[in-house]
Each structure stands twice: as C-alpha cells, then as structure tokens.
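Okay, got some structures for you below.
Heads up, the next two complexes both have chain A, just with different partners, chain B and then chain C.
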Partner chain A sequence: MIHPIPAGTRDVLPDEMRELRALSERMRAVFDAAGYGEVRTPTMEYEEVLRRGDERAAGEGYRLFAEGGRVLVLRSDTTVPIARLVATRYPDAPTPIRLCYFSHAHRPVEPGRGTPAEFQQGGVELIGAGGAEGDAEVIALVLDALDAVGLGRHRVGVGDGSLFRNLMVGFGVPEDSRAELLAALSRRDLAGLEMLVSALNLSPVAREALVTLPTMRGGPEVLDRVSPTVRDALDNLRACHALLEERGAADRVIFDLGLVRELGYYTGVVFEIYDPAVGFALGGGGRYDELLGRFGRPLPACGFALDIQRVHTALMAEERLAQT
Partner chain B sequence: MIHPIPAGTRDVLPDEMRELRALSERMRAVFDAAGYGEVRTPTMEYEEVLRRGDERAAGEGYRLFAEGGRVLVLRSDTTVPIARLVATRYPDAPTPIRLCYFSHAHRPVEPGRGTPAEFQQGGVELIGAGGAEGDAEVIALVLDALDAVGLGRHRVGVGDGSLFRNLMVGFGVPEDSRAELLAALSRRDLAGLEMLVSALNLSPVAREALVTLPTMRGGPEVLDRVSPTVRDALDNLRACHALLEERGAADRVIFDLGLVRELGYYTGVVFEIYDPAVGFALGGGGRYDELLGRFGRPLPACGFALDIQRVHTALMAEERLAQT
Partner chain C sequence: MTAGEGLMIAVPRGALFEGTLDLLDRLDIPTEEVRTNDRKLLFPEAGIVTMRPSDVPTYVEHGAADLGITGKDVLLEQPEHEVYELVDLGFGRCRMIVAGREDDSSTESLRRLGTVRVATKYPRIARRHFADTGRQAEIVEVKGSVEIAPLTGLVDSIVDLTASGRTLSENRLVVHEEIVECSARLIANPVSHKLKAGAIDALVARVRAVVPS
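So, the complex of A and B:
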C-alpha cells in the first residue's frame, strides 16, 4: 500500500527534527537577545485583508472558502500578516517595534520546478526604523543568526530594489515597458533584458546604464561605477556598508546591484543570503517603507526571512566539505 | 481601518508567545526523556489518504484543491497522519515506536460555538504496545508533562470506548439504534439517552445498565458496579489503575465510564484531562488498535494530544486562584 503525500511536502523524522529544533532555538536566542519579541499570526487570513498589503503576496497562496463565502488564503509570507498585526495591535506603540517569528508558509507548487508547498521560516521585522541605520541592523542580525547556528561561509548579497526602477524613470523608459524589463531582471535573464533595452528608443548612455547595472557585483567600489542618476540609493548603500563595517560584518557583504526580490513591497535595500556549499539562497529580505501605511500605520520597515530547512541543508553541506 | 482575522483564529503577542514556548519546551523535554522522538507531518494531506485511516477525521477538515483536481485537507488531527507516517516510513522498525509532535491543526468553526479554527497541539503516539501496560505508560506521561509545566490540580478522567458499545451488543440493542444512543452519550445528553433506551424493547436489567453506566464516576470501586457483560474492558481498566498506582499517578485518576471521545478510531481506553480551574478539557487520548492496520502495518497503539493554548489558560487560572 502506498500512501502519498502532496507534491512539495515532506515528513520530518526525529533525527532531522532534533537538528531543525536546535537550529531554530539558536536563531530565536539571537533574535531575543537583540530585542525582537516573537509573535504568531493565523495560518489562514482573509484574502481581501492581505491584498491591502500586497496584491501578489495574497494572490499566490492556497485559497479556500470560509463562512459567508469569504475567501481565505494560507499564509504564503509572514511580512504582510505582521504589518497587519502591527497596525491592528500596536496602533500607538512607540517605535521602533522589533518582532520575530518562526512559522510555516505555503505556496502551491509550480509543476516541474520542485518548489516546496510548505516551508518553515524564521525571520524578523524592524518597524519604525528607516534608512541605512535600520538596514544595517537587520543585515547584521541575519549574519549573527547564521553565525550562531554554526554556518561559516555564508555571504549576503545586497542591492536596492529602487535602483533599476529609478534608472528606468531617470532615463525615460516608457511606463508600459518597465514591468517587462523588471521581469527579465528578476529572472536574471540578462540576454533578454539587453534585447528589450535595445528595442527601446534610448540614448547610448541610458542603454549602457540599464544593461550593465545588473552585472555589477563586488565590494563597495562597484557603487562608484553606477550612474549618478540614482544617487540617493547609492548614498544609502554606502552608509549601510559603513555601518556594517563598524559592526564587523562588512566582510560578508557583496554588493549585487541586479538583485530584485520577487515580492512587490520592497522599496529600498534588498538582500539575499548565499552559502557557497549550496546552490540556492537561504533567505533574504529588504526594506518595505510603504507596506505599513497600507494598513493605516505609515512607518518605515525592514526585515528578513530565512528558510530553516535550507539553512539546515547548508549547514550539513558545510560539515561535509569540512570533513573532506 | 479594521483588518479582521478569520473567526476562531488569533494573533499571539510576545509576552504570551514566550509563555507558550516555555510550556511547549517543558513538555517536549518530558517526551524526549521518555524516549519519544519528535516528528512533523505536512499541514496538508490528500483527503483520500487520510480517509483510509478515519472517515470522520478526514471529512471534518478544511478542504482545498491541488494539482490534478485532487482534494487536499488541512490536518484536523495528527494521529491519522502519524499512523500514515509509521506505515510508510517505519514499515519494518522494531516496536514499540515512540513518537511525539507539536503541530497546528485546523477545523472549520461551528457558528455560535466559539470553537477555534486553528489550535496548537502537543502529543505522543505509542505504537506497538498493547493493553494496560501501554495505556498506563501514556496516561502517566500526560500527567508527567502537566506536572512539568507547573499545573497542580489536573485530573485525568478514564473510561473505555468499547464499554458502552459492548454493553449494547451484549444486551441486544438493535444495530440500527446503536449510533443514535452513542451520539446522545457523546453529547453527554443523559436525559436523551434515557428516552432512547426506554423506547427499545429491552429487559429492565439491560435498561438499567445502559442508563447508569454513563453516570458512573469515581475511584476504582465504580468498576465493581458495572455489568460483568463487559468483563474484558473492566479487567483492563483495573490493570491500568494498578500500573498507575505503581507509578504514583493513580491519585490523579477518576474513572468516568460514560466518557466517549469524538474521534471514531478509539477501540479501548479513552481519557480526558481536566483542571478544576477551567471549564474545558485540556486534551485527551486513548487506544486505537485498528488504525495502523488500515495503513498496512497492523499494530496496537495509544496516544494523547494536549491543547497548548488551553494548558496555558489553565496554568494562568491556577496561578490566579493561588494568589487569592
């Protein structure tokens, strides 16, 4: 008799479970020591409520029907529910508000892509702290958490979600072409991006700027090669780097100016965590200064989420490498 | 702006979350020390697979549609998924197999009853250990776990799911009337039960036995007053009481012979945990000797689940009482 479980889900047996628990506990201790209080939101929320925060985050989850024909979605992300929670439960609390969570999220699997339908995330949200100061706190915290669980080779790729968008605006890319360019960029399809850019009626300087930005990776010196059209974002990235240097975390930072995170709510710094032992991001995050306002409490915010399972896989891969 | 969350769900803020975590950790440590390894199953499973275990447990959950039109249900109970896991992942493992879990389960709210749509359970399953020996291990473990979290007034009500069913068979209650009587009993509707019994063509002894069994509560002496028609179950309850006495846990036991747990898979001992500080059961469990066989690995089994939120509420209520 075979008793299948849904594609993209898995059973976890005791040996692995013990390691996942230990890993989560170490991360939680780091978040706690940094003043981040743990919260929990419902697994299901009203779709119409999540849509107030982010159209896409609400739309991509599993849907089901509840009392009175209202549509419920299974949480596919925890940042939007926490923005809802902050606006509802902390309407007048002094800022910054530091919250963390360890929760499962769900996304319907994309056939053939081997994506998980259920994943366990540990993350933080720093609410009410704007600018490079907040960005650096959050990036340093994710690095601390990974140090604490025992990773040794992890790096953080840092970009700015506004960079490419502002370049497009600054160089007069027509509004109806921008989504297409952004989609190519977020797929890291640089050949496709170059074709799209060439088809537009732009100056050579503009073409060059749009096509080369996504290829710029490295230390803080890459910032000097970007078009001054986007000075604000560059100044912020420089300030963020200086603050991470003060915290002793700058050696783990790689600027990656083509980085665009999939969720639509990011407005500034975005980042992803990599480990050379595995071929996928362990998590990521960024600044979302407009999300809280959509729930009625306008506050700048920045956060990240780590995929606990992936962090565990990276940890095991590093251990294997160390043994050889 | 109001941003409602679904009926029967809630947000948990840091102070409460810290207490819920501490409580879960203490329970987990007790389970771990007793040799129960933690497992995790997917939040969603195929409905047709869960139905193999228990028609009702699969039918009462939230449903949604996945790839290829298959129906998924959100876990409404963790015992059936663990039976599936044991048959699949431990087809040849030596017994007994001791597993525990801490997971969320979901049930659509019943309008007006204030039931939760999402609840967090901590529980164990002892698989491959039959009879009073297994029953006593599981009942002693739930009491240990509650001692460890700091409860002081909890009691366990112990009955046997087969008692009333076997009395009905022994006294010749027609098969098509049995479900109705059992439904009245599980609602604890003793007046309704009496009416149904009176309408049947039974001997006075049979009527008396069926109507008084559900009222029998107390120490082991209540077992002496039950019709010997159901000797096997009574012998098992006496043996279980003796084993709990050896473990020093018998003083928390109240026999409650009308106890019937809602889930259909129980075959023997059933129990519920009460605390006089609150008006609801904190959890419960029982023996389910036929469930594993439905997944292809026939083994006796016994387990329990505690509702973490309710245990926390009871703990706070006891603390309030202690302060007055």
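So, the complex of A and C:
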C-alpha cells in the first residue's frame, strides 16, 4: 500500500544514506581538525527566543503549541539557536568559540514549488573573532570542507551585505524607496532596479553607481573598478582577499558586489558557494556581529551552512561529467 | 559567432520568437538553421535551445541554459524561479489587463455576491492583483481563448495579455484596468552569472548596444 508523507519531505534509503553519511563524515573531520566542536540544539525552540534573534527566522517556521499555550517553532536555521546556546551555556567562556553542527532545519513549502520542507545542513559558527581575519578563516574552511568531500571546481562568491544599504544612504535615496530597491536587488531584478533608480531624483553619478555595483563581480580587480565614493567601503573585502591569498584560497574567490543574502541578521561579509556542475548555490553564510548581543553576549561572529543534499547532488554531477 | 564561451541561451518559440531571432541576428549569433528547421529544438553550435516561453525560467533556474529570453508576464506568473533579470529587451511590449463586457457585470457581482469571477491563463497574477486592490475574486483557470469566458457567462471578467487590443474588440470586450506593462527580458542562471561573468557581461554589453533604451 502507498501511504503519503508531507509535501517537501522525503525518505532516505540505504544507498543514498551511505553516501550522505560518508560525505558529512568528511566535512566533520575537517571542521574538527580546525578546532570546531560539534553541538546539537533542540529541533524546536520557543518562538519568543527565536524572535529575539531574527524576526524572519522565527516568523517563517512551523509552529506547535506546548504546555501553557507557549508557542514552539521548528528551527528554520541553526545560527540563531547557536547564538542562544552561546549566550546561555558559555556566558563567560574565553573567545573565540568555534562550533559546528549537522542538523535538520524546517521551512514551510510554497505549494508547487518543489523545495524541501526539511533539509540537513552542515555548518560552522566562529564566535568572538571579528573583521576580515574571522571572515577569511570561515571562507577558507568551507572551501577545505568541499575539497575533502571530493569537489574540486567549487567557488565562493563574496560580497558585503551592508554595501548597497550604505550606498543608498550615502547618495540620499529617500528612506521610503530603499526597501523597494533592496527588494529588486535581492531578487536580482536588475532591469527593475534600473527602472526604479532612474525614476528617483538622483545625480548621474549616484544612478550609475547604484545600477552598476550589483553587476560587478570577478577577481580582486573588481574592488578597484568601483567609483571612488564606494572604494573605502571595500577595505574589509580587500583585507579579506589578502588573508585568503596567504591561505592559498584566493583563486577560489569571486567578488560579487551585488550579493545580498535573505536572512536579516547579516551585517558585513556575505558569501555563497557554487559548483559549475549545478545551477544552484550549495550554501552560504556571512558575518552577523549584532546577533549575539541580542541574546546578551555581544560578540562579533561569522558562519556558514552547506545544504548536504545539494552538495551530494553536485558531487554526483561532477562525477558524471568526469566520466564523459 | 556564438553567444560566447559555451553559453547556452533558451529561446522562446511563440509570440517572442521573431523578435528574439532578430535580436540574435543583430548580435551576430547565427539563426538561419533555427529559422528554417522548426522540428529541431537544440542547436548546440549556435548555443541555442528553443522551447515554450513558459519553460524558459525553468531551464535557466536549473542551469540547463545559462541565459534565456522570456516575457515579463511569464516571470510574474512564475515568481518562484530563482533567476536574475538582466535587461529589459524592449520588444514584445504588451499589457496585462482586466477586461469584460461593455455592460460590465463585475461591479454588481462584487456588491451583491461579494466576489467577482475572473477567467485567466495567469491565475497567480490575477489573484495577486485582486488581493492587492482589496477585492475578493474567484479565479477560474482556462488554457486558451479566454475571450469567450465572459461572453458565455462563465465569468464576469478576464485577466489577459493584450498587444493591440484587436482580439478584445473583435469579441466586444473592453479594458477596465491595466495591471502591468510587459516586454521581453533577458534572464540568467544565478550560478552562471558568477562563474561565466566575463562571457555574460560581454553579451549583455552587445545586447545593450543594439537594444534602444
């Protein structure tokens, strides 16, 4: 008999499970060797606790009711629970704190979308190490982990989540138009962005900068191609590049000045991981210097999460390409 | 010349086909074979794959094509696809409208029945438009010839795409509201946009040089 399972969920059978397990083990070994201890947090958290960290992460999750009518949410990401864990369990531990996790997260699916409602992520959080130093450590680590898994052609797209916001403020984009511009950018509707920008009463320089910045991507030369008004804002990315060069990882980096990630807690560097064999990002991350403070232990932090199933898909696509 | 560096472009057959091929001609991408052989769908030498316009975002999202050309109407109807919208190509300009019979029944339906019945091939655009304007609507999805839906009493109004308005007037339908103007767009796969940045930027520059802005 056929019995249904909820939309967006799946069973994993032994052949696939064996490969997923092997793949996560290789990632875990890399994290462990780099000093990142593995943690596990509850699948569900109190809504009010998640909401403290990120309005959106709490808002979009599946809800349950607990004792006394308190609202529980199935975690939709692991970064917010780890910020909660660090503030609670390590109130005065020496920093930096290095943690990793392999856990499931849940997001309600839109009907007909084909996206998973439950997915497994492997990730790390580096807490208490600020600036380019921390960014470079985390970016180099994600590249190493994917090397260990067996990918070889993966790249990391690196941008700065605060760049476009600061640019809009600097050029005097009216406050009520900023959200609309940012929404067009995060959808990468560059045609729409161009239309919105040209409807605003801005100087030609400002217009040019707002429209071209999101299209600028490539090697470190991109950082020098931007207009002088923006150049200082890129000091951190430049420092990050220098550090990655020391670690021998710089040739894997694509600077992408239009990159914005959807989660609201990012404050600086943001990045995404790609492999040329597949058309989707394998994961991503960034710097979130304000999240820990919301839980009462203000510390700079940076982390990433890889979607294990997507990494698996990329690995198989690469193997197939290698055979042909 | 091809699209460059092994780029694959998804080309829509249908209303945007001619405009797209004309654009590719101006970019010196060979289209003779595409024009003459309408049974063949895949043209690897030219870097072209042809398909229904509504399939273009799907192929581009999954990276089966690096770039694609499709209508803004398709992108609005399928907003879940993660693709980058690079350039408004300007051709294929038309309007998404709400239309109905001259003796419009929708106002009375709304007042007395609390809801208006709307037939469309674009259920999501229609649903969003009525929700955004604070009206309750019952959306009836049809696959073709939406003009006959109000004439036969199936619905009060239709939401459809119109370029010249001829089909509407031939069926004695009038435009009551304009929802959005649509035209052909150049879209890109998010990963290709990074990993093939040089080739894509070069092509976009060539496109911008021939598309009147």
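Simple rule for what comes next: the second predicted complex is superposed on the first by the 316 of 324 C-alpha atoms of A that agree within 3 Å, B and C clash if a C-alpha of one lies under 4 Å from a C-alpha of the other, contacts with A are read in each partner's own complex, and residues count from 1 in each chain.
In this section, a residue touches a chain if its C-beta (ideal position, glycine included) is under 8 Å from a C-beta of that chain, and two chains touch if they have at least 3 such contacts.
Note that the structure is a prediction, hence the values are computed from the model and not measured.
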{"item": "Touched partner set for A:87, first chain B, second chain C, both or neither", "value": "first"}
{"item": "Partner chain in contact with A:1 - chain B first, chain C second, else both or neither", "value": "first"}
{"item": "Partner chain(s) touched by A:21 [first = chain B, second = chain C, both, neither]", "value": "first"}
{"item": "A:64 touches, of chain B and chain C: first, second, both or neither?", "value": "first"}
{"item": "Touching partner for A:306 - first (chain B), second (chain C), both, neither", "value": "neither"}
{"item": "Partner chain(s) touched by A:191 [first = chain B, second = chain C, both, neither]", "value": "second"}
{"item": "Chain B versus chain C as contact partner of A:278, first or second or both or neither", "value": "second"}
{"item": "Touching both chain B and chain C, residues of chain A", "value": "none"}
{"item": "Of all residues in chain A, those that touch chain C in their complex", "value": "110, 112-113, 155, 157, 187-192, 194-195, 215, 217-218, 254, 256, 274-276, 278-281"}
{"item": "Sites on chain B touched by chain A in the complex", "value": "1-7, 9-15, 17-18, 21, 37-46, 49, 52, 62-64, 66-67, 70, 72, 74, 84-85, 87-89, 99, 104, 106, 108-109, 111, 117-118, 295-296"}
{"item": "Chain C - residues contacting chain A, complex", "value": "61-64, 80, 82-88, 185, 189-195, 197-198, 201, 204"}
